[in-house]
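Notes to accompany the following structure.
Chain naming follows the written order as A, B, C, D, E and F, and within any one chain the residues start at number 1.
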Amino acid sequence: MNKQKLTLLDILPVTASGILTPEMTMDMTKYLMDTTEVIHKQITEGSVTIESEYDEVYSAPYVVSLAVEEASTREIDGIFSNCFGDPGVRAIREKLKVPVFGGFEPAIYLGLGLGDILGIVTVLKNVVPMIRAAIVRAGLERRVTSLRTLDMSVIELQNREKLMSNLYVECKKAIEEDGVSVLVMGCTGIVGVTDEMTARLKEDGYDVPVLEASQCAMILTELYARMGLYQSRQTYMEPPEK
Amino acid sequence: MNKQKLTLLDILPVTASGILTPEMTMDMTKYLMDTTEVIHKQITEGSVTIESEYDEVYSAPYVVSLAVEEASTREIDGIFSNCFGDPGVRAIREKLKVPVFGGFEPAIYLGLGLGDILGIVTVLKNVVPMIRAAIVRAGLERRVTSLRTLDMSVIELQNREKLMSNLYVECKKAIEEDGVSVLVMGCTGIVGVTDEMTARLKEDGYDVPVLEASQCAMILTELYARMGLYQSRQTYMEPPEK
Amino acid sequence: MNKQKLTLLDILPVTASGILTPEMTMDMTKYLMDTTEVIHKQITEGSVTIESEYDEVYSAPYVVSLAVEEASTREIDGIFSNCFGDPGVRAIREKLKVPVFGGFEPAIYLGLGLGDILGIVTVLKNVVPMIRAAIVRAGLERRVTSLRTLDMSVIELQNREKLMSNLYVECKKAIEEDGVSVLVMGCTGIVGVTDEMTARLKEDGYDVPVLEASQCAMILTELYARMGLYQSRQTYMEPPEK
Amino acid sequence: MNKQKLTLLDILPVTASGILTPEMTMDMTKYLMDTTEVIHKQITEGSVTIESEYDEVYSAPYVVSLAVEEASTREIDGIFSNCFGDPGVRAIREKLKVPVFGGFEPAIYLGLGLGDILGIVTVLKNVVPMIRAAIVRAGLERRVTSLRTLDMSVIELQNREKLMSNLYVECKKAIEEDGVSVLVMGCTGIVGVTDEMTARLKEDGYDVPVLEASQCAMILTELYARMGLYQSRQTYMEPPEK
Amino acid sequence: MNKQKLTLLDILPVTASGILTPEMTMDMTKYLMDTTEVIHKQITEGSVTIESEYDEVYSAPYVVSLAVEEASTREIDGIFSNCFGDPGVRAIREKLKVPVFGGFEPAIYLGLGLGDILGIVTVLKNVVPMIRAAIVRAGLERRVTSLRTLDMSVIELQNREKLMSNLYVECKKAIEEDGVSVLVMGCTGIVGVTDEMTARLKEDGYDVPVLEASQCAMILTELYARMGLYQSRQTYMEPPEK
Amino acid sequence: MNKQKLTLLDILPVTASGILTPEMTMDMTKYLMDTTEVIHKQITEGSVTIESEYDEVYSAPYVVSLAVEEASTREIDGIFSNCFGDPGVRAIREKLKVPVFGGFEPAIYLGLGLGDILGIVTVLKNVVPMIRAAIVRAGLERRVTSLRTLDMSVIELQNREKLMSNLYVECKKAIEEDGVSVLVMGCTGIVGVTDEMTARLKEDGYDVPVLEASQCAMILTELYARMGLYQSRQTYMEPPEK
C-alpha cells in the first residue's frame, strides 16, 4: 500500500507574489519520497499576507474553495494550507476525506516527540494571540510555553541577514531564559534556516532540534497519506446540507 | 457619560431569510435601555446558516466587511455578530475601537457570575468541536463542563414545540447528570425560551438561570459601550498595513 | 421589565471611617442608570480594613447580617460587598435571591471580554494568596496571570500622588514584563484612576482597558438585576435549617 | 527533639452539644504518640453545625479568637479546627506560628501518598461547592475527582446504621463508577468507620484506604509539631497592624 | 538526503517467545519505505511480558543495554522499544543520538492530528495507572480522555476472536459514551486489527481512525530518521560520567 | 495500635560507598519515635549514583529485589527508596503491602501543608526533566512551580561549604524571583542543612520551611505505618502471574 505515488496539494493562502522562492519550495519538500508529487497553488483573491485574524478571515474562504475544487478535478492525497495560522484547515477537513494541515499542527506534533518543552519563534506581535489560541486549542499549553517574535513582517523575511540575526537571538533566549528544548519556526515563510541555526546553537553548546513548519507539514501529511489516514468524522462532521 | 444615546449594530451573519422573527428580535433587546437604538443588518452573501466551521469560514468576511462599512458611515457604539460561533468577531476587534461580541462570550461570562458549573445546550453535534474550542480558548474548561445538543438544525428551531420539548430534556440532564448550575443556550437562534424553561425547571425543584445568548450579548455590549470600554490593543492589534 | 427603578445596596465591609470619599462614591456609581438608586451602608463591628484573611474573617459575619437585615426591610435588587476579598459574598448568595457581588468577580468577568491576558494590581503582598485563591476558584489561572502589588496599605491609598505613581509603574510592568492586555485594580479602594491611567499608558503606546473593581461591580450587579437574574440554587443552596 | 511532650488543641467550631461522643474523640486521637496531649475546646457562639458557607462565616471568627486566646495562655504545639470546611484555618495561620489544620488538607495530603485518584464522601449537597473550591484551591482537581454525598445532615450522622449503609453504597460507587483508589471521609463527624468500611470493601475485592479526616488531621498536625514546622510566612503573612 | 537507506532497530522488551508472529511483524512494518530495513531483536533476560510497573522495571535495563550495544556495532537510524509502556525509552534517549520511541508517543502524537478527543484501549486494568501517567507526562489529559481495557492479558491477545470481539465493544463505547474521535490501540501486541475494526465501526456510522501503536512507532521513527532529527539534548542530557 | 515497635527499611539505591555519613543518617532519622527501628541497606549492583534516567533504570531492579527479599525475611513496616528519583517505588508498591516511598512524594506532600507555592532545589540540570515529570504525575504543577539546580553532582555534595553557599543563593532566588513559600531539597543527599538555611533566610526576612527529602520520607512512612495504611490496590495492582 505504501508503494503508490502520492500527490500532495500545497496551497499558498496569500496573494503576494514571489513570496516563496524556488529555493524555499525545494527546502520545504526535500524530505519527501521520490514518488511523491507536490502541486503548488496560490489563491488569487484574499489577503496579501496573513499577519492578523483580520487577514486570515479574508483568505480562508478562497483556500477552502481552491482545495475543494482541486480535489474534485484530480486525485489529491493530502493538503497543506501553507501558513502557520492554519487558514481554512478545519473547514476543508469537514469537506474532504484526505489529511489536511496548516503549518501549526505538524511542526508542533513532531516537536512533541523530540523534547519536553517547545518554543515558537514567529514574525510579529500581532499573531501572538492567534498562535496562543492554537496552542490552547491543541491542549498543549504545558508543553509549548515559549512564544517569541522576530519583529519582522512576512515580507521582510526575505531579508535573510536580518532574519538569521534576529532568529539566532530569539532562539538562544528561548533556550536560556524560557527553558525550551525544541524550537519551532512559527511562520511557514521561515524556510531554509534549520542547518545554519542548528549549527550555531551547537557551537553555543545547545544540541536542539529546529523545526521548519512547512517541511514538517509536507512530510507529516505524506505520512498520513501513506497510511491511508484522514481526520475523524467524529470531530470533523460533514457540513449539513441546507 | 452614561446619559448618551447608544447605537448598537446587530449583524445577522447568515443569508437565510425570516430566520429571526420580530418576536425574537424583541426578546433579544428587551433589557436594553430605552435610549439605546439597535440597528439590524444581515449579510447578503455567505452561508445560509452556520452549522459547521465550513459555514463559518464563508460568512465571516462578509460580517467583517459589513461591520467595518457600517462603522464608517455612522456612529456605532457596539457590534453583535449574531451567532454563537462568533463569526468575524476577533477580526472586527482588530479593526475597530468599539466593543464587539458574538453569542458565545457574553452568555458565558455572565453565566460565570451566577454559578460554579455552566452547561451549554446547542443545536447539532456538528458544532460541538467549534464550541469546545471556544470554551478552551476562553480558558474555561473547568467552569463549562457540559455541552449537549438538541439534535435540531437552526432552521428547525422554528418548530417551537419540538424545541421546548428537546430543550427541557437536555436542560434537566445537564443539571441531574452533569451537575450544571447555569444553563446557556448555545445558539443565538434559541430565543424566547427563558421564562418557560425557568418555570418548568423550578417545578422540578431546580432554581437555575437560563441564559439566552443574544439577550446576553446585546445587554453586555451595551454595558461596555456605556463605560466607554473596548477591546485591548495588546490582544487585538491593528492589522499591519501591506 | 427593564423600566423598573432598581435599588442596589453597597456595603462597606470595614469599620474605618472616611475611607470612601464622596468623590469616590460618585466615581463608583457614575455609569449606573438614572433610575437606579444606591444605598450605602457600612458595618459597625468587624475589621478596620481588610488586608489579610484574618481581617476578612472578622468582617464577614457583619456583612452577611447587614445584607440579610436590609433585604428584609426593603426591596433590594442587588448587593455589593465593597471589597476585592469578597467578604461574605457566597454566604449572602446562599441566603438571598438577588445578585450579590464583591469586587473580584465583576471586574474579572468584564475584563475577560476585553482581552486575553488579565493582570491585577493590588495593595499589599499580604492579600496576594487570597486573590490567587479567588483566581483559581474562578478557574481562571490561564487568563489572569499577573498579580502585582503597590506596597501600600488601604489607608495609604488616600495619598493620591503616591498611588498614581506606584500604580503607573506596576501597570507598565504588567504590560511589558507580564504580557497583560487588561488591567484590573485589585482593591475597591483604588477609585477614580481609570481616566488618568488610561491616558498615561496610551502615551506609552498601550491602549488597554483599566478596570476599577467597584465601578464594575455596581454596573454588573445592576445588569443582572435588570435581567431579573440571581445566583443558581444548584451552586448556592439555602442553608439547612437546624 | 522528638522527645518533647506535645500539646495539640482541637477546636470544635460549632455550638451543637454532644456532637462528638467520647468514642469519637478516642477514635480521632488513637494514633497519636503517648506523650501527646490533646485539649478539646468548643466555641460557644457561632453556628450550630456547619453545612453551608453561611454557617462557616458565622463560626469562623469564634474559632480564630479561641485559637489565639488559647495560644496566648499556654504552650500549644498545633491546632485542629475540627471541620472539613477548614473554618478560620488560614486566618489562624496568619496570626500564630504553629501548624494549623482543618479536616480537608490532612486527609487529602495523606491520601495523595496512597493512590492516584482520590474520592471524597461528604454529608449534604450543600457543602459540595465549598469542598470543590477547597480541591481547586489546593490545585488537586486532577487527583481528587470524585465527590459524593450521603444525603445526611451532620446531626443525622449519629444514626450509625444509616451512616454505614449510605457510606458503603457511595464508597462502592466511587470505586466502581468514578475510578477512585483512595476514599476520604468528607466530614470530621464521620468517625470510627474505617475498620468496618475497609473490611466490607475488601470482601468486594477492593483493598483501598479509607481515611477519616479528624484522625488524619490530628496525626499530621502532630507530625509537623514534632519536626518544629509551621506554615510559611511567605504565604501566611502577619496581618498588618492598623 | 531522503534517499539514504535507513536501518531501524525493533527491540522486543519481553522474554516470552512467539509473542510476535511473522504476520504481526509484517503488519507493523507495512507502511515503511522499501529502502528501510528493520532489525528485530529481543531481550533474553527480563520480564516475560510487561503488564505492571514491576514487570517494566525488570525489562528496562536489558532493553537499554541491547539498544546501546546494537548502536555501537552497526549504523542504527532509529530505535523502537516495542511496548506501550515505553520501557527504557528515556534512558536510551539520554545515551544515543538517534530517535527512540516506545509504543505510546507515536500513536498518540499521530492521533492528535486526526481528531480532538483520543481514546486508548489497552489490555488489563493493571497498566491503566502507567498509561495515565504517560498521558499526564505528555501534558495531554485534555486530548486523551478515555482509557478502556479489554480485560485480556498480553498472551491472550493471540486469541484473535476474543480480541476482535472485546475490542469492538470497547471501541464503540469509547465513541458513544466517552466522545472519542480517534482510537489508539494501547498495547503493541494489538496488531493487524485496523482494517477490520475500521470497517465494522463504519458500518455503525463511525468513520474514525484506528491506530496501531507499533505501526505508528515504526513509521514515525522512520520519519524522524529521514529528517535527521533526534531528541533534544536540553531534555535528554548525556548521563554524567562517574 | 500506635504502641507497636515499627521497623522501617531504608534502601540506598546506589552503589557508591560512603555517600551517606553517619551524621547524615542520624539527621534523617532524628524525628522518628524512639520505638522505631531503621534498617539501612544498600544495593550492591546498579548505578554508582543516580543523576539521569539512565542511572535510574539500572538501579531500580536491584532496589525492588532488595525490598522484596528483605520483606520476605523479616517484619518490615515501611520502605524508603533513598533517592529523590523514586527508583523502584511504584514497582515495590505493586508487590508489597506496606507503605513505600522515595524522596519526592513525602517532602512534596508535607510541603503542601505549609504554603501555597513550593520550590525544589536539586543537584544537576540532568535530573530536571525527571523531577518535572514527577511533579506533573502528582498533578501538582500549579503548586510546585520552581525548580532550581545547584550545579553540583551528588558526590560533590560532600563539599559542604560549596553546598551551603550554592544552596543559599538558589533558595533566595526561589523566594524572591519565583515567589516560593516552601523550599524542598530535591536530592536525598542534601541532608543536615535545614537549621542553618532556615536561620540564614530568617535573617533576610524570610520565615519559610526548608524540607529535607529523606527526613520527610522517614517520618511520613512511619506515620502511615502507625496508622496501618498502605497503598491502594486500585492504583497498585498485584503484578499478574505469568
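Methods note: a residue touches a chain if its C-beta (ideal position, glycine included) is under 8 Å from a C-beta of that chain, and two chains touch if they have at least 3 such contacts.
Keep in mind that what you see is a predicted model, and the values were worked out from it rather than measured.
The set of chains in contact with chain A as well as chain E comprises B, F. Superposing chain B on chain D by their CA atoms means rotating through 120 degrees, a value rounded to the nearest 5. A comparison of the D-E and E-F interfaces places the larger number of contacting C-beta pairs at E-F. Comparing the CA-atom centres of all chains against that of chain C, the greatest distance is found for E. If each chain is reduced to the centroid of its CA atoms, chain B and chain C end up 26 Å from each other. Chain geometry summary: the mean Cα position of chain A and that of chain C are 44 Å apart.
Counting partner chains per residue, chain E shows two or more touched chains at residues 116, 129, 136, 139, 141-142, 235-236.
Taken as a contact graph, the chains fit none of the simple arrangements: neither line, ring, star nor complete graph. Across the complex, chain F meets chain C through its residues 116, 142. Note for the complex: chain E touches chain A at residues 1-3, 30-34, 99, 101, 105-106, 109-110, 112-117, 138-143, 175, 179-182, 206-209, 211, 215, 219-220, 223-224, 226-227, 229-236.
Residues of chain E touching chain F in their complex: 16, 47-49, 51-58, 60-61, 64, 88, 90-91, 94-95, 124-126, 129, 133, 136-137, 139, 153, 155, 235-237, 239-240, 242.
Those residues of chain F whose C-beta lies close enough to touch chain A in the complex are 129, 132, 136, 141.
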